[in-house]
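Here come two complexes built around chain A, the first alongside chain B, the second alongside chain C.
Now for the complex of A and B:
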């Protein structure tokens, strides 16, 4: 089943961290807390993945159904840079160099896409835009193995350390590190939106493209810019995801997590996507920790789908999303 | 003998909404009938017929999705799941209760229509993007449920062996027999869809697509007709799922995953949304594409790379070409193959007096 790698992630992590099956008494509580913490750490990376989606949606009201593939390309570009330019031996500096190369490549790809393809799609129907990103995802999934054939796709954590114990919880260091980096990265993007002139322009476009255009904002240019920004964020998300769960083509599966997250949080809200990612990360972790052995593997995808449906039913515009009133 | 139009001289509504208003269409349909019912089965062997059968099954599914997406403008990413519902419903009926095909096929369709209507309920409240996400969630939930409930999936590997259909005492074993069997359903599906669209229900669908608020104001019960669209579309999907199960000889959830839903969307977009022949062109194109890519690479690919890399590259290259073509059609020819066909047809419609 397609969703299996993500779903089994927490279970395998649990096994490798040496946690036994859920027992009774205080071990039960400890297991629960451990699952929640693990889920929250995964949620931080999910939030970064969802951020690539939200950036594009904010700017152009385009839903990127190829988010998973973007993250996959980011990861694969970094790993081939790492191994292709022999940066793997250079530790943290090497990894940062590879990320920089990958980010430039991804931004270039995003700009080209925006200029060559998306330019023709302004004012087209919703169906056409959905299909375009689905086609883009298919294309990237097809070209990925061809372009990156024969390259090692592992990215190892630059920090080598044993398991870290915090308040009795045993946590692998690369997960903690990834969560911290993801949080910093989200904060950086948030500050970029909040405090820079370009960020202001992007927020203006998100609020009302026509008015922004009237006030002198180059709307097309900023949409291209936000695609490039999404590409860069996708590189970071891909690297973090590869570090915690192994890289490769399977990274694209993380894209399936995006939809519950953004629907719960609100499609155009950065705080919403953090909160949604936490909810989904914890729910996933709890589902695979408790339900997998009862009803079979991969139940976390069902749980997050059900959460998505519940969110749509109760609050279709999301927790932090803007409620759009339609004038009849 | 060749009839040329010089104007519109219709005097009745019946003539105006006729299924085949022009004699040319009738000639064309008759010609297509001869080609598809007599020439093709004589020319192709067992392998050729099996490809034709795949196309026929895809046509049934694509026509169904076109009713929902092309005519009613409700996005669905769950078409593959609806097919699997029909497939497993029919497989269980056939294997456990020994039902004949003429019970199993409609039953699979009805079951899919039931599930499809349930999935369609959110469409009453939400539109567009959100509906796409809802149907995506439905696809994932249905996939998982079928795979993990042994009562539906028949236990190990989620696979049910399906005996071949038996028509008037003849067990259909050869591809050409299955071809004629499928052809009956394709013709019913095409004529059914064409008649549906020119009926009251079809006009309501188109009104909802073009402007849902205006449609409501002129008295169309939007909720009811949206659910009709979901029910009819998933009925088609269910029937296509059952036919595919008969064709493969097994019901297996892996044949109905999200990629299948995307394939069907690609078919109707490449073929042309909201056109009667669009799904047919799209189904032919999308089904043939991977086969042609494989055939081409197996023939010529040996000059570029060695055979082990070739075998590994073909599936990826198929995806890459498929994705590129979807994007190409969306950008360059948004109305799809059907528009190319219309251009050709209109040229010959007035030929040689096309001033």
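Now for the complex of A and C:
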């Protein structure tokens, strides 16, 4: 079961969608377009996953190396709620109810973590925080199977899963739906940052925490809020990922996508995180569409790692992650 | 009245930086706090605004009170809400945010939107240039404009007391003159209580009502500004003048310094 949720998405889905081997002429072009669209749909979910990382980084300069595990917990909490409370039969309302329960649980977990553990870390080195989140990720991955043992972890799409055709492209509807929900979710978070006073305070903290504190912003409170928000976004991301790729403990592997994305887009930029996710999503899809059959499956993981290296080499501050607006 | 009563500040649990500082900033007056680098001026301001904890410092003795309310146990945002705003050293604007957004962050502790609008108009009346640049990213403002923005941001919390940390630092003389004129107006028209930390003693003493001189974590001298302007020690050490009003050679100043250390 090596990295199944990530690598198999595009290739197997392509096969099951009934796409023939790439032929010549217009079929070749159509196949290429299909791969790009398919990758972009995955990219939208990747962007949501990366957003959980960016939210925390913006507020506290803390790199959450446990992002994949957070997403996994979000997914497992939702599926446990769904099956534990017998909500699975209630269709969309049941799913939304389970998501709500999981979001509350995750926000509570994040708040507790921020209040109890992280507040003692103010003024400590970046490395100490990185080790802490790495350790947390390991703990979550270890305890995940114990806590959620024996519970069904499937989350079924609320839409009847039949293939639909848009502009001549055959696409699985649950994937389309997931991408739309992810996009709406990112837009909502973006609007929250741009148009609310709390969002404004969060942007001020991202720019200069000490000055924000001096201007009357409760910095520790807002950092806690960011963790909670990241927890809620992780639940949504986990659910969407489970819908398109099956769910379970393997969901944590989606965290591997976060670093290429945020390094390409810039650690603290929401537009950058969307763009980085699109690059990774499309590159994945193209790689598995064209290269998997030549060199065996799993190439997409290598490709995103190569992109990560290239980004570190060429633009280590990311595409949008520049120190903004410095007068020269 | 803002009063600091015999406070001690310790960093990292071991380093004693302020060793019993007592001072008072009276209502509607400008109180200047002078001293050399490392004397403890900025630390005093941070003790008032509650920003020491972020640097692993703490007030370990004494008290800080604003009209009888203890500030030294309060969180920074509660202190701002309680009426004390700080203008940081070094023009700490929020780079990527627009001028208007920077000002709005300053009003974070307030909820009444019409009163916040009124405060913003007041800021624009003090600094018309900020109104012209309201949509621009703060990082692209000139140094003087950034200093104005930081002062404006402090005004947005509707403060009773404003703490200024080196407002003249790194600015051209003409702009400094303008900034200090505004500080005078904030006292005269805005009725704000002002505590002004400055290295440029001549500038500060020209505008202040009362002044304190700090040396190595203590208050070394205190008095009405008019008196301190005439004090021979101040004239020598901080204004670089002797009694005839002419500059003295460095050798004499150095001897004077040695004498002071001995007396301390």
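Just so it is clear, the second predicted complex is superposed on the first by the 317 of 328 C-alpha atoms of A that agree within 3 Å, B and C clash if a C-alpha of one lies under 4 Å from a C-alpha of the other, contacts with A are read in each partner's own complex, and residues count from 1 in each chain.
We adopt the following convention: a residue touches a chain if its C-beta (ideal position, glycine included) is under 8 Å from a C-beta of that chain, and two chains touch if they have at least 3 such contacts.
All of these numbers come straight from a predicted model, not from anything done at the bench.
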Counting residues of chain A touched by each of chain B and chain C, the higher count belongs to B
- Query: Regarding the shared-chain residue A:204, is it in contact with chain B (first), chain C (second), both, or neither?
  - Reply: second
Requested in this report: Return first, second, both or neither, reflecting whether A:296 touches chain B, chain C, both chains, or no partner chain.
Outcome: first
Output check: A:216 vs chain B and chain C. Expected answer is one of first, second, both, neither. What do you get? second
Given the complex, residues on chain B that touch chain A span 69, 73, 75, 122, 125-126, 128-130, 132-134, 136-138, 140-141, 143-145, 147-148, 213, 257-258, 262, 265-266, 269, 273, 309, 312-313, 316-327, 330-331, 334
In their shared complex, chain A is touched by residues of chain C numbered 49, 51, 53-56, 75-77, 80-81, 85-86, 88, 92-97, 101-102, 104-106, 108-109, 137-142, 153-154, 157
The residues of chain A that touch chain C in their complex are 122-123, 197, 200-201, 203-204, 207-219, 323-327
The answer for chain A against chain B in the complex is residues 1-3, 63, 117, 120-121, 124, 126-128, 130-132, 134-146, 149, 256, 259-260, 263, 267, 295-296, 298-299, 301-302, 305-306, 308-309, 312-313, 316, 328
